[in-house]
């Protein structure tokens, strides 16, 4: 694509633009990069005041845990390969193999497979191969950077973090599905109705969106704990105790998330010409059929974008999940906050850092895969105030 | 669309919001006018607690709540009108401070201290986020196509990361001899304690918020930039408009609805700033309105919580938000009526 | 990391979770417990879990849930972990049961010291005590020829000499994080001065000489602390010790073990324990206990099982395996080096933390209010008057003050 001559930029502008971009990328990535580095070091190194000690980890290396130049090269190659696959063959394979209309299932499966393969190669295949290679590589095989995965081992295997992971998976899946189902219905209704009622519903939803959550959540706790007693007159002995149940937490998160979801989806629906459903109605469809058969298929970019925001809310939530779930059903974020709040030792803190980095990894993957959909979704929706 | 169809479409969503937002909200409103207390009686109690080797026993008169025949605490609920609001707003102390024309004394009153910070925080971060967001969007749009993917990916990281963890990671960079503080100390050749005074804390909290939200603004503006009408840009070039003029008169007006949208979201989120206070443990120096509500609400170790004051402070926070939103709401109302 | 070690570790952890390995009986009644999440609780609940069918919830924010969870019928948890102060709401609401019959049946191994009695009835079983006492760098003290301080004034003098000698930049560490920690520091100091918190009808009574003296001393200490003292909690002070940044602190006994942890400490063997400094009336510290309570709202069968399981959790075997995790009150505990500070403090006549409903409110008001004096925003009298006003508002709202 060639630009008109007049739009071409002077060198100074180009350089400063590139410099600003580089600066921003550094600022954006640095804190996350840094906790990742910390999570791989012995406690003494992780909290060292000298940044070079944190990066090279002399104490960690002294304990015989380290990476050689060769290891680093191999690791980087693996990351690069994964990246290439994620942006090239993976989307293609997904498009080819998934049944029409259900592309998103394909994406989820594709992402899981890629992620799993990455983990298996990184932790399963590389270590023994590299052990062998380091032995024969001479100086290149000597450790240069201290690095230990023991904290990840503590988190995932000794502390049973997989259970929290499953709980998170359950809660986020529930929240995303339900809030999108309810949200698309309401968003469509609101977009297609010009009544004052619709307007006021939107305004009230907007004010709900602005409420401080601390107030709402504290109100739930006593009701949820005593729900068996409260509901007994109506439901008899089947009355459940809602406290600690993932389903109840999902309901709360869906409700809290509804205002944003319906606003966002409504503006997507508004960008779909009303002629489209009117045409369908002329062909004899009911409103609901028009919605399902005609409108939804062109709504996917909007649904994916909104879904991603729902996902982030559910996955990252702390206030609701920490208060309403018991230990057996606890999701990852409150579990990590618990690790930090405990009477900790420095080792515990680094373990918690490792847990924090672990829960960021799925988010990485998600953004890597859905990045294009988000941008194109937002472009198509051109969110309106 | 007929009302019944409309109702069927919105019902599930409305039901959820009624049940989990509107209903608790009404009860909060009610609680802010009422006071529910246990009925205490003074009783003499002997308590024996362990020492290192032997027990210590103390007999003292203690206030103990009465229990009814079912073993539940007897409580009384009284209507107190605006008393709880008065307890939060503390007009008596406001007047005293006003009489002395003392800003610092005024700022020792929790609610006003929290309000001051909440407003400063909201209105300082707002232009920063809009500016950063627009800047990032423009430079991404300016970058070569091959770079855009990775750059967008990096830019999105601060937005997607779990807020609790994002705040902690920035905290570690600065606390004690954290590497950035150490770096600053080395550069400025002086001792720096970022967590020791209010203004540095506020600076860090704002930095965190901008870091966290700017990507959201950037990605939305970037999406908006993709739909800028190339024809009007080119005709602006033909008219001899400078780069700055094109930005000012073509691009920004095009992005205006998005700028309003981001402003709206940010006003709402920044006004209930909370994670920063907890993440940076700033409560000794700086508190926010939602933190104040939360602090009233969290039970102390003996189980007391100030529910009435929490409700009052929550309602005050909400009134504040509605006032902030009024300009936007009026605009939406005009659009709505104009749409007919 | 080697794949083989990873697999091996996985296998080991599978074996160790095998049920009732170290339990005298096999429990078949499902039992749930809710307690705080620190090391000692982990040790105790792990030992309980060996009996089978035990679900332990370790949650640092347990106090938000515990009162309402025990009030539910049936109670959501059978066993609760409490300390002096967190037992108050349960006791007030009558949601924990008297234990005399159960103690008689299954409590042969308990010492009389462990039985928390309220009006003669056993309401809780204590398992450990905790207190803040002096920890100091013995190497620095002997290098400079300093005596171990016994009062805060001596501590200040020692700190001045250490700073002068340039050994460390900030000699004193303190758990001064605003909120609960800072409130506790004031309470320690005020009790040391012999002050009493309440007058007639639960009215506050801290705006007095002792109160001012306590504030002044806290401020004097901060002169020798890292300027970020208002965010420093006990984990932070512990790290400062481990990294050799401070020389002396009044820190929790439960933290003493970490000083000699080779994996993270750079001062192994150099930190010694001593009694808490004396105030003008008593040691400037408070004694805390942690223990177990049992819900009222459960069947007698469940109560039986819960109590038996709990007894297995706090038996000799557990203490032997975790001797230095806490200052245990349980038979079979052998006080080691690290317990010396706590023992000396108790021997000097340290008072228990005066837990009560009003005290909970006072603690919060102090925790939020004292910082204003330390930062110089208010003078001592205004600070104390404002704390009293804050207390009165909250206590009126709670119905404790008319």
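The first chain written gets the first letter, and so on, giving A, B and C; residue counts start at 1 in each chain.
As a convention for this text, a contact is a pair of C-beta atoms (placed from the backbone, for glycine too) under 8 Å apart; a residue touches a chain by one contact, two chains touch by 3 or more.
Here the structure is a predicted model, which is why all the values come from computation and not from measurement.
A.B. asks: Of the chains shown, whose Cα centre falls closest to the middle of all protein Cα atoms?
C.D. replies: Per-chain C-alpha centroids compared to the overall one single out B.
A.B. asks: Relative to subunit C, which chain's C-alpha centre is the most remote?
C.D. replies: Farthest from subunit C by mean C-alpha position: A.
A.B. asks: Could you grab the centroid distance between subunit A and subunit B? Build each centroid from C-alpha atoms only and quote it in angstrom.
C.D. replies: Their C-alpha centroids are separated by 22 Å.
A.B. asks: How many angstrom lie between the centres of subunit B and subunit C, each centre taken as the mean Cα position?
C.D. replies: The computed centroid separation for subunit B versus subunit C comes out at 32 Å.
A.B. asks: Please tell me the distance, in whole Å, between the geometric centres of subunit A and subunit C computed from their C-alpha atoms.
C.D. replies: 37
A.B. asks: Two-or-more-chain contact residues of subunit C, please, as numbers and ranges.
C.D. replies: Residues 64, 71 of subunit C touch two or more partner chains.
A.B. asks: Where in subunit B do residues touch two or more other chains at once?
C.D. replies: Expected reply: 176.
A.B. asks: Would you pick out the residues of subunit A that each touch at least 2 other chains?
C.D. replies: Within subunit A, no residue touches at least two other chains.
A.B. asks: Going by the contact rule set out above, which residues of subunit B touch subunit A in the complex?
C.D. replies: So the residues of subunit B touching subunit A come out as 1, 3, 5-6, 8-10, 12-14, 16-17, 19-22, 24-25, 27-28, 132, 135-136, 138-140, 142-143, 149, 151-158, 160-166, 168-170, 172-173, 176-179, 182-183, 211, 215, 219-220, 222-224, 226-227, 233-234, 237-238, 243, 257-258, 260-261, 264, 268, 271-272, 274, 289-290, 293-294, 297, 310-311, 314, 317-318, 321-322, 325, 328-329, 331-333, 336, 339-340.
A.B. asks: Applying the document's contact rule, which stretches of subunit B touch subunit C when the two form their complex?
C.D. replies: Its residues touching subunit C are 35, 37-40, 45-58, 62-65, 67, 71-73, 76, 84, 87, 104, 108, 175-176, 193-197, 280-285, 295, 298-304, 306-309.
A.B. asks: Could you please specify the touching residues of subunit A with respect to subunit C in the complex?
C.D. replies: Residues in contact with subunit C: 42-44, 47, 65, 123-124, 127-128, 131, 148-150, 153, 157-158, 221-222, 225-226, 228-229, 241, 243-244, 322-323, 326-328, 338, 341-347, 349.
A.B. asks: Where on subunit A does subunit B make contact in their complex?
C.D. replies: These residues of subunit A touch subunit B: 4, 6-7, 9, 13-14, 17-18, 20-21, 24-25, 27-29, 31-32, 34-35, 38, 49-51, 54, 87, 181-183, 185-186, 188-190, 192-199, 201-203, 205-216, 218-220, 251-252, 254-256, 258-259, 262, 287-288, 291, 312, 315-316, 318, 333, 336-337, 340, 356, 359-360, 363-364, 366-368, 371-372, 374-375, 378-379, 381-385.
A.B. asks: Contact residues on subunit C for subunit B in the complex?
C.D. replies: Going by the criterion above, the answer is residues 63-64, 67, 71, 83-86, 88-89, 92-94, 112-120, 126, 129, 177-180, 182, 202, 226-231, 236, 240, 287, 289, 296, 327, 329, 342-343, 346-347, 351-352, 355-361, 363-364, 368, 371-372, 375, 377-378, 386, 393-394, 397-400.
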